[in-house]
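In this document, chain identifiers A, B, C and D correspond to the written order of the chains, with residue numbering beginning at 1 in each.
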Amino acid sequence: MRNERQPPEGVQRETTRMEIFSDGVFAIAITLLVLELIQFLHPRNGEGLIDSYLHHWEPFLAFLIGFLTILVCWINHHHVFTYINRIDSRLPWVNGFVLLMITFTPLPTAILAEFLKTEGKYAVAIYGMNYFLISVASYWLCAYSYRKFLIDEDKREIFRYIKRTYGYSIFYTFLAFLICFVSIPAAILLYLLLFYAFAFPKEFAGLLLKLETKRRKRYPIRKS
Amino acid sequence: MRNERQPPEGVQRETTRMEIFSDGVFAIAITLLVLELIQFLHPRNGEGLIDSYLHHWEPFLAFLIGFLTILVCWINHHHVFTYINRIDSRLPWVNGFVLLMITFTPLPTAILAEFLKTEGKYAVAIYGMNYFLISVASYWLCAYSYRKFLIDEDKREIFRYIKRTYGYSIFYTFLAFLICFVSIPAAILLYLLLFYAFAFPKEFAGLLLKLETKRRKRYPIRKS
Amino acid sequence: MRNERQPPEGVQRETTRMEIFSDGVFAIAITLLVLELIQFLHPRNGEGLIDSYLHHWEPFLAFLIGFLTILVCWINHHHVFTYINRIDSRLPWVNGFVLLMITFTPLPTAILAEFLKTEGKYAVAIYGMNYFLISVASYWLCAYSYRKFLIDEDKREIFRYIKRTYGYSIFYTFLAFLICFVSIPAAILLYLLLFYAFAFPKEFAGLLLKLETKRRKRYPIRKS
Amino acid sequence: MRNERQPPEGVQRETTRMEIFSDGVFAIAITLLVLELIQFLHPRNGEGLIDSYLHHWEPFLAFLIGFLTILVCWINHHHVFTYINRIDSRLPWVNGFVLLMITFTPLPTAILAEFLKTEGKYAVAIYGMNYFLISVASYWLCAYSYRKFLIDEDKREIFRYIKRTYGYSIFYTFLAFLICFVSIPAAILLYLLLFYAFAFPKEFAGLLLKLETKRRKRYPIRKS
């Protein structure tokens, strides 16, 4: 990662500091989710311990969904930043949009926990809108870094495919958002598929690259 | 950043540790803001989900304002620390004053969320006083580092302009604090302008330097 | 730690970032425990300060248990990661399972604080189940790293014994979980013994290695 | 800091990771203090904004005291760790005792906020006992590192004086704890003096060293 074309030490330190700040935000957002579970515990002192939790499994499901969402986002943020090796003065703002959506995520999670039973449709829709905006932010982070040449020269080709996966995810999450008004289980299935694809962002982008290479061999006239 | 005049490795490690601690404080303060939004959710179980949020947009505005405030502060803190390359025993206290105001920021934000509708004038004034103190703390951090030669020798010239921008911001935020008693929208406009200027601290200081250089060319007798 | 067989700088940075994220999660989970103690303070404004705390020592015991649990886990996580020197795309998920259990830990702790007096059996059982799952996650982390050769070649031998200690802890914590339905004090004694053994993971694995070496000298036919 | 006598790179990384974890705990504990201030805001919706805060200045005083306490502790922890350059398997536990007292600190702070007016004596006593235990933990950290040769050989002399300052602080904080039962203002004055002395731990230890050197010149027979 450290070669002649790289920026000097000082710039590297700046990138590192932005990653530490971002890691802090991700780590706190993911750990705050449990507060909702604990808060839930208190007003039910009247009921017994086992009863109160047996009748209310939704907060646990919401906790798991929120945890997975933020973990997937961290893995992808981490993956994108292994390619970014210098920063300009606008990148903290683009990255700030990603962080805004991450710090916001505990709210849709808490809404899921509270309203999944009574107003499931709206609760899932709010979660879906949040995830759609995370996709937009992630794509913007990639597109901005790509356009401003903030990544290594020899990794631009593969990074273009990484960027494209986030481009697809924008349409995908918008679709899932719409579908949740028709059928909640179908929307949840779509989200699970999405989690699976973005659980391994490197492999996912590699797959796209391979498919593209295969296609090019067959139709050798390059398009874009 | 690493040249002959620089202090030895150990001192560098100390600077890094102060940055990590500061990043932690910024990251937590910015993520705690969402707790206010979630807390807001609970006492309104009686109302429906959509109703309760449609009628109460203030917490969301406050969340966004708080997030922007802390993000702008982090970007500027980060920017100033790229110039500081050694610490003395007083710097943690000067930096501690900045951190005090940052950890305090969630309170004015929560007050905005709760009282913007009913007592907007006071709520904005408290927020404004907080921002004024952040400006004082930031200027102090710069002025102290400059006076005690904690920055690279060859960057003192540009750092003097960075320091000056924070000096201006003290008067500016005090003005905005006073104006909010006359007109809240005017005060908010002033804060938006301030956010815009300090969103890109490097460019802002560079602009000052350029204006100064131009002025000097016309009137070549140097003043200060 | 840095020799010819090691992966290049970039990969090292990735490992470091995963450690920073994990450290953040551990640090937040361990600090959130105090919120339960504070929350406990509020509804008892009627009672005097000293009275209210004299009659309620359980939250303090729960705070101490939760603190010790997460600290032991951090020490072991830290110890395991001194051997891991490269990551693949699945390791964040295996590590994510450990972090899921750590972020969850404040809930069993809060349950202990609230229900130790009235429904102690269930409260300890929930805590025990949580600890059992932490053991499973820790073993999985070790076994995965070992199988995928993510550790230094010359440390595989000792790492095999570290892995084995976590394998034993799975059975041990499951036993303690079962025993708590029979006798809570016996279960607590078992947990204290476990804390003691895993307080010094390096020494514990070293002890196993020494016993094994002694055994082999007596019965020189190697088994596995 | 990096010389021939130093341990290899891997061990350095371990020290760094313990510092990052500790920094995280300090940063979170110091930022959680504001939650008490916000929580205080909610049940008083009936009163006006300005009224409710004018009549209740104690939470603000408590916030400031808590902030100063944790900041002083961080500065001293940071200072001690600039001398520690290797860790053994017991140091995380000694350090863990310091962290236990730090994560606990928001509780005495919240008690001060709530009970300073009505039961000031007990509230200050609980805060004082907490500070006494922090002193014990800090001394233990120093004494342990000194005894186990975890610090640079050429810095042992000055480190002995640093250790001694924490030894004095144990008696000092115990005295302040006792005095608070007689007179709260006198106890507060003692704490302010303590904050002042430990605000600059390097200078404080240097002063002790200078006094000792002067004394030795007069009475040249070395005692201990």
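Everything below uses one rule, namely that a contact is a pair of C-beta atoms (placed from the backbone, for glycine too) under 8 Å apart; a residue touches a chain by one contact, two chains touch by 3 or more.
Since this is a predicted model, take the numbers as computed values, not measurements.
K.L.:
Just how much do you need to spin subunit A so its Cα atoms sit on those of subunit B, in degrees to the nearest 5?
P.N.:
90
K.L.:
Copies subunit A and subunit C touch; is their interface built from the same residue numbers (over half shared) or different ones?
P.N.:
different
K.L.:
Average the CA atoms of each chain to get its centre, and name the chain whose centre is farthest from that of subunit A.
P.N.:
D
K.L.:
Per the centroid of Cα atoms for each chain, what is the distance between subunit A and subunit C, given in Å?
P.N.:
That gives a centre separation of 27 Å.
K.L.:
Find the geometric centre of each of subunit B and subunit C from their Cα atoms only, then give the gap between the two centres in Å, rounded to an integer.
P.N.:
39
K.L.:
So which bits of subunit A are touching at least two other chains?
P.N.:
20, 24, 27-28, 32, 35
K.L.:
With touch defined as at the start, can you tell me which subunit D residues reach subunit B in the complex?
P.N.:
1-2, 19-20, 23-24, 26-28, 30-35, 37-38, 41-42, 45, 48-50, 63, 67, 71, 74-75, 78, 81-82, 199-203
K.L.:
Residues of subunit C touching subunit A in their complex?
P.N.:
8-10, 13-14, 17-18, 20-21, 24-25, 27-29, 32, 35-36, 39, 89-90, 92-93, 96, 99-100, 103-104, 106-107, 110-111, 114-115, 118-119, 122-123
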